[in-house]
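Below, chain A partners chain B and then partners chain C, in two separate complexes.
Take a look at the complex of A and B:
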């Protein structure tokens, strides 16, 4: 008799209790996800806020975003603030995978159907800068050392063009902290050259088409994986799966579509470590060892 | 009144509608003003928040990148609040100028956000960072100035709007008060005017009604105004006049009925020829309000005036007139006389009412009424005349019937007396043999002692015999006297009768019969009061009953005589133990000439007895059982009714 009861209990726990019920039983009260400042941090927070509310509703766990002031802080802040995950750029994702062991879950697919971004080296049209030679002795605005599209590509590009010590090639260089700031620095003349991500530049042009007439793109990288959600290795696997499932299917329901529109995405697609091979190639061209790279 | 009432109600309705309209308008205006003021205050709060948020963000600017700097999330939150404040301002409807200023403010906020974001995220040399900070601070200060300037302007407008709103509210209160007061006072005045007018009108009608109720028929309510109350007062006046008219008519009818009654009663109560003609003519004159009336009765071929024998109309002429008027009462008019008539009829001046007195449709007289005091005779007079004709005719017939009845009653009385006497003699007849035997004893003694005294020489012995003869003769004489006394035909004489004594006298009369029939007599006489009655007739009743009892007990038996008093009556039971009376015979025993004694009886005894007791106001009850006996109970009132 006791055996029968035990067997039934096992059967019940395995078969009858649905996964959904199990997912309700996580010990977490809040999920905190970091955002790298790829654009105006206030605008970026506005874009991501509906996604946080959507996840909160679906997971029944409060999901909150925190903006990270600088790309270079990302690894330290991830650990310091005990983040559960973050939307990383291409390089920060590689750094996090290497240093924190995070797991890529999903990537954002842009409105135009792409899920990758290129790095642009941009100048003002009237600046007369057409090539690497023209860059010499100018002021350049990078995004951050910890970005592939905002820094590493430019270094790799310059090295490919024979510039052994790229940073000394310029009169001044500085880091704007965000891709749109780098673009704005070029536009308002604070910098002669800017390095920024194609998706941000395109978004700015979409919003202000005059920008397209003001700037020239003198170099562009290969497509690199764009913003990728990586979750902490400490997070419950079932919760990870559930988050992944929610994000991958949200484009199938009206509420999810609305949230995606506000985010500026068409949907989420599955991400994996293999997606970052182009980043590793780019690092190699730039002579950067990821494990010893001083990105701060 | 109705028209005025409707107009007044319409005015009131209009006033109230206007009042309500004004009230609603001012309530709407006041609430709208208040809403505006509240909204302005709400906007003021938003502006203040905007200032506070801007100042807060400005504070962060000085600490970003230092150890005292806030977390980026905090700065983002404050900037988000700042943005919300601006967006909430833009969300409202504003003037074009204000909208443009808000747009500029919004652009400024966007620039400020860009500058802030750049400052927060930029990693550069100190000079560049400071330049970014300066740019952000300058933008922030400009933003703050714009907000404060707008807040100041808005404050001014808010103050003005608040003052205006409060003034409007105050005005609304005054106008509302005036409107409602006007409507209320108007309603009050209308109510007072109408109430006074209505109560005055009603009071007038009530006063007239009270006079009417007090008996002042025909009273008029003079209502001066032309309205519904005028109609009502006219209707009241019509009613009052109609009541008076009807009342007068009723009085006339009552007067006539009274006269008719005065005529009718004596005529109906006439019991003998002695018609009060003079009274009749006088009452008829009053009845028809006429100056003269005459009665002509048929006598020896003429109709003669009973008051003045000189006036008469030949029977032939009168009957022709009777037929001309179809035997109905008629109005004779001088100007249109009937084609038939004698000299007397021709002498009638003016109009006259002919009322025929008939016997079995045969004319026996004429009652004429002349010269109506006011107006002429009419149909009502004819109707009354018809009634009067019938009454007089009937009274004439009644008189004759009464005369016939009296004659018949007299005859019946004589017959009854004869019957009673016959019954009495019959009762005596039934006792004849016993009476003879009773008389035989003294007579035998007388004869015997007469013979003995003729043979006796001794004078003393002869004296003794003569004494016995004398005693026996006296005894025989007493018997004869009693018989004569009973048999004597006498008139009814009501006096005090003691039934116990009366019964003893009857028993004395029947004693020999009872003795020979071997009947034991039981007397159960109670003390009873004397009653009023005819001694001889009552004696006859009980003698008859005792004779019947003796007849019912041929083999002997017991006769019980019992007297007593029940309430205001006395009773006598005559009870025998004879053969009894079968029920089919019992119900016929009081019928005249019904007898079971055959040749020995007349069949009159009990029927006469029943009549006698009935004439004394009493009654006879009989109970009988075959072979057990019969009991007659005579109940008589102590006081004989008149």
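Take a look at the complex of A and C:
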């Protein structure tokens, strides 16, 4: 009998107690999720706010979004602000997987059925720039060093075309901080070339069809995983599962569909680390080592 | 005594010859400049060009003959003929109309231009002409203007005899239907035309093309325009709410670089025209407030300059 009590005690201490320790997060009264500033932050917050309210209602835990000031801050801010998760872009997700051990949970499927995005290198139609040769000595607007679709693809593309030091190839380069700002830089003539994510460019064209008459896409990347929710390794696994389940099934109910529409999504789909293989390939082509990459 | 007088004259003459030789006039180049009068934007570019050429000016390798004609075709043409007759080494022009006036005179000298409107000048390619060009994205400025308030009618101030201005009017007419805006033409051939035309026209906003005449007309402080104004050339005293134009500093840097190349003996035909995008986007927040218009934060973040007061 004593043996049984002892054995039960050991079992309890090994299994139940650690699980309860882990589930301390589950008793937290707020979940804080970070957003990368991929577009105008006010528009972005308008899109995500209903999702926060929906998760709050379903989880019965207040769920809040916070927009990180810039891409390059995302890893530091994730730790400093003790975030529970973040909707990452392709490169920031890889950085967070490598540096923070976050777990990809779900990915947004866009209205058009895609869950990936391409990187576009865009120019004004009358610019005369058609290829890498034409880019020499021009001004280019990137989004941020910590973006695959707004920076790394362009570097990989130029290296593939024999440009050993891509940044020195341009007269001037600068970082706009968001994809739509990179597009506007080209439209306004503040930059000759822009690098931006296809989904943001398409959305802009949908709202303002004249843009299609003004720009040419001179290069595009392979499809890369679009915005992916990754959750902290500290977060209780049951809570992670619950969040995943809520998001994956929200397209099955009217309230969820309304929230998805406001987000500009058709549904959420399961995400995994394997989704990011094209990003690792792109980094290799750009000669970037993700562990030592100076992305700030 | 007679001998010593002759000797003295010879000595002075030799000294003058020697002095002239030291100056080495054969290496000195004269740049003839046509700078349209009363357009502060071109004056600003010219100031930067001179700054960039400071060393060449100090070393005495270049000299300038500046013509500042009133911006009308006859005055431009006279200025061009004068420079050709003076046999300057290089002709430097500011703006499209001055450049076109020189091209029409078919000079033998190299013609370099600054702030030329690309879609107009591309019809006049020649081995003897190169320069710095720009093309204003008309759709962008229309788009920004349309975010300030719902614009149903846009008055476009242009000059029917200035090719760049006419091109911009046509571009505006092409893009405005996409924004559901109707374009009202406001043709200004003389600066005095503007006030009368504005009194007769009922529009929601005004766009001033790069027309020299329209630009000068806009400087009239008596106009008292109560509408949102967008300009494709800066005119600070007119306080436009939005301006989109090529950076004067960058235009000047490129122009000075081209001048230096020509001075060093490079053929003009070997120097490609420069059509880089270096636009400046200016929002005048103070004026917008006065008109009860709101410029959103995301628009302000796109600006290269925001005027607060």
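By our rule, the second predicted complex is superposed on the first by the 271 of 296 C-alpha atoms of A that agree within 3 Å, B and C clash if a C-alpha of one lies under 4 Å from a C-alpha of the other, contacts with A are read in each partner's own complex, and residues count from 1 in each chain.
By our rule, a residue touches a chain if its C-beta (ideal position, glycine included) is under 8 Å from a C-beta of that chain, and two chains touch if they have at least 3 such contacts.
Just so it is clear, the structure is predicted and the values come from calculations on it, not from any experiment.
Overlay on chain A: chain B and chain C clash in the combined arrangement. Residue contacts after overlaying the shared chain place A:266 against neither chain B nor chain C. In the superposition on chain A, A:184 makes contact with both chain B and chain C.
Within the superposed three-chain model, A:40 lies in touch with chain B and with chain C [touch as defined at top].
After overlaying the two complexes on the shared chain, residue contacts for A:63 are found with neither chain B nor chain C.
Shared-chain residue A:110: touches no atom of chain B or chain C.
In the superposed model, A:171 lies in contact with chain C only, and not with chain B. Looking at the shared chain after the overlay, A:92 reaches neither chain B nor chain C. Looking at the shared chain after the overlay, A:124 reaches chain C, while chain B stays out of its contact range.
Contacts of A:216 after superposition on the shared chain: neither chain B nor chain C is touched. In the superposed three-chain arrangement, chain C is struck by just one stretch of chain B from 55-63, 91-99 or 109-117, namely 109-117. Looking at chain A, you'll find residues 40-43, 181, 184, 190 touch chain B in one structure and chain C in the other.
Within the complex formed with chain A, the residues of chain C that make contact are 118-119, 134-137, 139-140, 143, 175, 178-179, 244, 246, 275-281, 296-298, 301-302, 304.
The part of chain B that touches chain A in the complex is made up of residues 72-73, 76, 79-80, 83, 113-114, 116-118, 120-125, 128. Remark: chain A residues 37, 39-43, 45-46, 66-70, 72, 144, 172, 174-178, 181, 184, 190 touch chain B in the complex.
Those residues of chain A whose C-beta lies close enough to touch chain C in the complex are 40-43, 124, 126-128, 137-139, 171, 181, 184-192, 208-211, 213-214.
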